[in-house]
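Below, subunit A partners subunit B and then partners subunit C, in two separate complexes.
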Partner chain A sequence: MNDLLMSLPDQGEFFKTLIYLFVTYYKVILFGLGITVLLSVVGTVGGFFLAIGLTGFRTLEVDKKRDTLVIKILKVIGQKFAVLYVTVFRGTPMIVQAMIIFYGVAQANLFSWWSPLPAGLIIVTLNTTAYISEVLRGGLESLDVGQMEAARSVGMTKSQAMRHVMWPQAIKNALPGIGNEFVVNLKDTAVLSVISVVDLFYAVRQSASESYRFLEAFMIAAIMYLILTYLSSKLINYLSRRMSQTGEANL
Partner chain B sequence: MRKVFLLFTVLLSFGLLSACGSSEQFDLTEGNTLTVGLEAAYAPYNWMTQTQNAFTVPLNGQPGAYVDGYDVVVARRIAEELNLELVIKAIEWDGLIQALQANQIDLIIAGMSPTSERAKTVNFSNEYYRSEQVIVVQKTSSLVNATSLNDLSGKRAVAQLGTLQNDLIDQIPNVTKLTALESYGAITQALRSGQADLFIAELPVAQSITAANSDLTYVAFTGENGFEVAEEDVTTAVALRKRDTDLLEAINTVLAGISVETRNGWMTAALERQN
Partner chain C sequence: MSTLISVQNLKKSFGPKVILNDVNLDVNEGEVITLIGSSGSGKTTLLRCLNLLNEPDQGHIYFEDSDLMDPNTDINHLRERMGMVFQSFNLFNNKSVLDNCTLSPIKVLGLSPDEAKKRAVKYLEKVGMKDFISANPKTLSGGQKQRVAIARALCMEPKVMLFDEPTSALDPEMVIDVLNVIKTLAQEGMTMVIVTHEMGFAKDVSDRVLFMDQGVILESGTPDEIFNYPQEERTKQFLKRILSH
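The block that comes next holds the complex of A and B.
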């Protein structure tokens, strides 16, 4: 075992090389793993909150009788913005968004703190917002019209009905979709290495840079991604099962 | 249609914003930070390591990661002589020039050749290394005995995307040019798995790859039997922003003080550290 740590194993010693690479570069690889998890957590949580706002815009309904002209215009702008946002961010690959946003903002010298990691966090959040917004919209639209009618008939205003009746149910319905988005983010944030975010993918690529044993290095990446996605899927299944139980108890 | 127009407006505003970036020269005041960009994945010029030693520099934003290699030795010498604080960032190869333009880094010292294409966007210092172009093949291949490009006729060759070596492939008669790959790791893998018969690399890169992979070897050609290359293609130089002319002059002064013997010594030492 000690020999294994000392020097690069011969060609063809696949598993020994795998262990050698991991033992030699574990700090860098685990740091990269941490960055991947950070990107996915921030992206999914941030994306969820922004998506609530975006879906709110998207589902605005113009009340022809009561809304003033200004409100009508604002509502239409909000709606169109939300549709455009989702179209653009879902219609272009995240790798392209990363290049445009990172280098665009850097070139414009807008922020002194602008560097790959904060840029990556923002890009994955903006991207996830578009996807979760669609999930939430689906959650809202799947609710029976009767829910809204019932809420209105007990005297709630439209916004009260949305806040207390529609949204809580929509979010609960959307939870598996949001969890899925988290798992997708764990894998898809690998593309952010294109703007030099040192995530798991980039760290593993670097750890093969001295020995050129890329096959073994990427096998380490595959194993780590699999562990991450497997554990998260288990956790999400467990949480959504618990959610649905408490939900029924409340009814 | 309106959406397309809006998208254009967004992109256009990015373009306009980028036009009003800073235009001040790099400030050479002692103690200032000099940020150098490199791949940290192009041995023996630069590679990542977890070992800290007299040659390594920590990688910015990556705790526990250091970078070693010929480029790092050169970067240290430049920073030392100019009394600047050296910071090294790992940047993807394709993003290096963009990162320089976007002020994420001040210099590229990444084994980069000063091609006329690149010189349209950035300034290059005088050369800090001069290399020879060789081919890397499997030890068991008949190409081991090749003495001229004609002996490579009809073979499958591969190179790194966006490099000189990828253009040189076209000089091999009847060659099958495979899709360029993004790193030497992938290229080495392609050769070892038999997808390619050969790849072209600079001598030091070939030396380091063949040292790490005992089943591979490299073949050098003499004089006119080898690849026809332009002067600018076989040298590596430091890349800077066009506006940083004072820094360019200062770097050229430092480089002029490094003899060819010293350079070759540094390269040999880098190769030894790598293995």
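The block that comes next holds the complex of A and C.
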């Protein structure tokens, strides 16, 4: 490696240095890029499913007349938990959440498998859950109340109505927002390098600190991130358009 | 003729505003009742209390063997037996016409998809919408949507049908198709409670017309009695205003 660094292009040879660094470090950089994509995909997909549950808690309604006391209490606890969860995870930076969760679990010695990558996957998932939950709640609230009433009027329980009528429509409405969360994750997972997750940012920083060519190295990072977000946005737009033509989001 | 629904001393307020103030009503089997009155008189709220889409504050509603005000009554089972048609149709936007009609028979009544489809075809044919079986609700006109909504309710084979201003959101030329469907149901002996502003239709189809005003049933009688010989001053005023144009 040091040999390679010996033959670095001169200062000021911006493009040459850029290419040189990429060629030298492409394995590390592409690996990091893979990890960034992995974090974003797992975070968004996992966050989506957890968010459905969390939004379910959030939208619980106490039936004053028919619920037993225990059910009422459980419903209120569920609601409060969901509100608290969203407030905490949206109200603190992910970089701080990463530090607390990663070192907290490490210090408590809870899991033998605890290491940066699985920790990073869990942190980004927990964080995304809060954001997608808000997107889903918006999707549900944008539906006409008549949809629920119609479902109830033909004898469906609230959960049947949610499952067959409300959620499919809410998720469809929420797809652009969920896609947006994916794009945000591609960029924001960079902060997970703080707990030594070897993502794109971490890989580039390594190449920068070894070569002392920070401008060129981080320009590579910028280009990589831009390609990722650009392609993802295109893909998401294409998928949303197709979904709106074919109609139904299947659960 | 046995009583199917019995409403006793029903009261309902939204906040400080009293919507229903001591309403009493018996709906007999096979009877067609229309509720008329100006907006805000409580017609829609009364109708929505019958299947507990609005929760009454006080009073009693008995339907077949159930006491609706008893917290232990299974309201889902109750609603299976009461069809409802809304002013704004409320077709499930994520389902085709067929799936709108089969969803609840399959999920709630436990019919097989084949049985449910057979039933859906039967009722869609009845409302003249069989050709649109695989259509997306978004592509239908208001009158078509409303006829599908009627078929969807009929697919549960309910004991009674509740209509909440079923033609108020329709273009004038669509109204007649929907009213004809409802008339057919009336002729076949379906028990129905209908909130409507269509006076001609109310005259035609009703066994009994109820005039509601300020949360009470002010006057009730045969269409002839209400429309030709109204007793109450408020009824006369209402009919004069609504029939004068």
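Following the convention adopted for this analysis, the second predicted complex is superposed on the first by the 241 of 251 C-alpha atoms of A that agree within 3 Å, B and C clash if a C-alpha of one lies under 4 Å from a C-alpha of the other, contacts with A are read in each partner's own complex, and residues count from 1 in each chain.
As a working rule, a residue touches a chain if its C-beta (ideal position, glycine included) is under 8 Å from a C-beta of that chain, and two chains touch if they have at least 3 such contacts.
A quick note: this is a predicted structure, and the numbers were derived from the prediction, not measured.
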{"item": "Contacts of A:Lys172 with subunit B and subunit C, given as first, second, both or neither", "value": "second"}
{"item": "Partner chain in contact with A:Ser196 - subunit B first, subunit C second, else both or neither", "value": "first"}
{"item": "First (subunit B), second (subunit C), both or neither touched by A:Met156", "value": "second"}
{"item": "Partner chain in contact with A:Gln107 - subunit B first, subunit C second, else both or neither", "value": "first"}
{"item": "Partner, of subunit C and subunit B, that touches more residues belonging to subunit A", "value": "B"}
{"item": "Subunit B versus subunit C as contact partner of A:Gln11, first or second or both or neither", "value": "first"}
{"item": "Partner chain(s) touched by A:Arg241 [first = subunit B, second = subunit C, both, neither]", "value": "neither"}
{"item": "Residues of subunit A that lie at the interface with subunit B and also at the interface with subunit C", "value": "none"}
{"item": "Complex interface listing, subunit A residues touching subunit B", "value": "8, 10-11, 24-28, 31, 84, 87-88, 100, 103-104, 106-110, 115-117, 193-196, 198, 202-203, 205-215, 217"}
{"item": "Partner subunit C, residues of subunit A touching it in the complex", "value": "65-66, 144, 146-147, 149-157, 160, 164-165, 168-169, 172, 247-249"}
{"item": "Residue ranges of subunit B touching subunit A (in the complex, touch as defined)", "value": "3, 6-7, 11, 14, 17-18, 20-22, 39-43, 47-50, 61-65, 89-92, 94-95, 98-99, 101-104, 183-186, 188-189, 208-209, 212-215, 274"}
{"item": "Footprint of subunit A on subunit C - complex, ascending", "value": "51, 53, 55, 71, 75-77, 79-80, 82-84, 86, 88-95, 103-104, 107-109, 136, 149, 152-153, 156"}
